[in-house]
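Each chain carries a letter (A, B, C and D) given by its place in the written order, and its residues are counted from 1.
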Amino acid sequence: MTAVVLIDTLLLLLVTVTAVAIIEVRNLYASAMLTSVYSLLMALVWVNMHSMDVAFTEAAVGGGISTILLIGTLVHTAREEKPLKRRVHGKALALTALCGAALIYGTFDMPRFGDPKAPIHHFRVPEMMAQTVGFANSTAGKQAPPAGFDPLEYRSFNGAVPSVPVDPADTAWRETSVLAQHGIMLPKVNGHALHPAEPGHHLHPPDDFNGHVPNSVTSLLAAYRGYDTMFETTVIFTAGVSLILLLRRPRREGYLQRSAPLADQAILRVVSKMAIPFILLFGLYVITHGELGPGGGFQGGVVVACAFILFALIFGRPALYRVLPPPVCDLLTGLGVLMYSGTGLACLLLGGNFLDYAMLDPISPGDGEALGMTLVEYGVGITVSMVMLTIFNQLAEERSK
Amino acid sequence: MSWVYLATAVVLLVGMFMILIRAIAGPTVYDRILATNALGTKTIVFVTLLGYISGRTEFIDMAIIYALVSFITTIAILKFAEMGRLD
Amino acid sequence: MQAHEIVTTILLALGCLVSMTGAYGLLRMPDFYTRLHTAGKTDSLGQFLIFLGLVLVTPDLLTQLKLIAVAMILMIAAPTATHAITKAAHLHHLRPWTKGDPGGEP
Amino acid sequence: MTDVLGIYNYWIYVVLMMIGLYGVIAKPNLIKQAIALGLFQTGIFLYYISMAVIDGGTAPIWTTIEDGAQKFQGPYDNPLPHVLILTAIVVSVSVLAVALALIINIKRSYGTIEADEIERMDHEDRLIEYRAGQAPDAADDAEARHHA
């Protein structure tokens, strides 16, 4: 039993207990609090399974934003559930038990937890893991790996590929490389020093990322699933728009509302004043650092929104409106989506495909890739942060009758 | 060395379980808030330990996020308890 | 095991002990204020000990700085939150448990 | 034992999903239902992320030490499910936000957020309309429901 499995087993027990408590607690306020606990625990589960970006998002979104939103709703509704006549709903219990039994029966056919032979690890993903910036975009053979090309070799790369020469100036290896033998064109090397020990590095030119984006989650998010991510951003944008449509009042009313700031509590005020710039800076770091480490636009955007929400909590919403007026907020929401699609359009105009980032820098495709991904991440970050802030503002504005 | 981290993590998990019971049972709202806050701290330490168990120190970025976010959540929960509103 | 690893082990064990004391106190103490008393203090000390222990075994400076940053954030944020909770409870006239009150005996 | 631990994660995913489903069906409170939907989603997230794990794997982030060599040689966990779930989480909070906005609107117009009370009020409204001889469509509907 490995450490991962041991911790996983214990954590999931905690998670299940929390989930039951969330449903069964009658006080909705307690339920909202337990939701935040649940999200933190769930984030721990993700961390334990090495899914850092998901854990990042879950912690920021589940532990932060969604709890605040739930509480913001409780302000306008009741704190307590209506008492039920029967504590246990028999029919629902029977249905869920039946459904669950069927699903559990299905799990017996699943590959075991952590099984390296599971199909999911062998279809498509190895090629994507071996994906090399610049190279991927300038070859035609990327979609279908040629016969004899062993993606697993790149996946578990041990730094000892025989075809890589010791001398960086010697480029004769490119003629004998695996891909060249299969008729796939190799990109040009621009005189940079080679790093032979990089996985798959003997296949692509050196650049900012040493040939690949270190965080493969971000690279998949922005490149392989680029269209998808763009439309997910649009979904979030749509959520912001619908919140405005559902809840926004005439603007003057929002400005003139009285609020209940906590600013008279000296300790809270001082600590928040210290914390807010740090949170903003950290949010920007997370967005910018997305290609290199865990993080990215979604996570960083939520963190930035958290900073503004803290400001609104302590100093009142009118103060937030003085810092960031709602019209500016609305404009920025759209700007983020525009930035994303604009990057794609720029690639199109430069002669590549839509969202073909390598086109942004024709000399060193890897740098273009870095630029494109950063722009896209910023677009996502701006939209997410502003939409989260809009949602918070609208839920809070609702107070005025 | 890794068994030390693992043992620490398991002990912390037991502690988290105790706090969770308080968070679920807690007779007053404030007990629950307190337990949530304490769980947040334990979670942060736990994330860092997980980073050391698997040898990836990038996990610490996440601990920073947890620290900041759980602080904000606590403030929001408290403000609702105290004022009955969020803005 | 080298000397600094032994120190780390001791610090982690101490941190665990303190954290567990806090958790147990949170579970067993009779009322809110006493629970606050155990949980608030032990949380800060426990996390600080554990982070200190981890700093000693970390080879690279940036990670050490990040660890210290997390510890510092927690050292500031956790007491602030505890203070605010207490203040809110006090303002809402939550009465402390006194000897002889029913239901409080552990 | 290893067999049980091998599919333990999938069992928990089923349990979480079913807890969510139970909440959606059994609890009339709309906020509780929104939270329960969130639980249901988390169950699915757990399913995806569990599939991404490889024994002895590490986070799918390539780390290099200074001389350009790779620090982690072992297999990397599958990043594709992570990517799928990463966006799904953010979308789920958007869904939650829209649901909560709708709940607030419901509270504004009905004065309650309990699904059964809302249904009863709807029913009574339609009966009143039916008796007043207005809105024939709604009346038919109400009558049908009344007899059912």
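Going forward, a contact is a pair of C-beta atoms (placed from the backbone, for glycine too) under 8 Å apart; a residue touches a chain by one contact, two chains touch by 3 or more.
What you see is a predicted model; the values in this text were computed from it and never measured.
The most central chain, judged by C-alpha centres against the centre of all protein C-alpha atoms, is A.
Our note on geometry: chain A versus chain C, Cα centroid distance of 31 Å, whole angstroms.
Centroid to centroid, with C-alpha atoms defining each point, chain B and chain D lie 24 Å apart. Measuring from the averaged C-alpha position of chain C to that of chain D gives a distance of 34 Å. Taking each chain's centre as the mean of its C-alpha atoms, chain A lies 22 Å from chain B.
Residue positions of chain C touching 2 or more other chains, listed in rising order: 73, 77, 80, 84. Residue positions of chain A touching 2 or more other chains, listed in rising order: 4, 32, 50, 52, 72, 74, 268, 275, 293-294, 395.
In chain D, the residues touching two or more other chains are 58-59, 61, 63. Every pair of chains meeting the contact definition is listed here: A-B, A-C, A-D, B-C, B-D.
Residues 265, 267-268, 271, 274-275 of chain A are the ones that touch chain C when the two sit in their complex. On chain D, the positions that touch chain B within their shared complex are 58-59, 61, 63, 72. On the chain D side of its complex with chain A, the touching residues are 2-3, 5-12, 14-23, 25-29, 31-32, 34-36, 38-39, 42, 45-46, 49-64, 68-70, 73-87, 89-98, 100-105, 107-108, 113-114, 117. By the touch criterion given at the top, residues 1-2, 4-5, 8-9, 12, 15-16, 19-20, 22-23, 28, 31-32, 35, 38, 42, 45-46, 49-54, 57-58, 61-62, 65-66, 69-70, 72-74, 76-78, 81-82, 84, 88-89, 91-93, 95-97, 99-100, 103-104, 107-108, 110-116, 118, 120-121, 124-125, 128-129, 155-159, 195, 197-199, 210, 212, 214-217, 220-221, 224-225, 228-229, 232, 235-236, 238-240, 242-243, 246-247, 293-294, 296, 298, 302, 384, 387-388, 391, 394-395, 398 of chain A touch chain D in their complex. Taken in their complex, chain B has these residues touching chain D: 54-56, 58.
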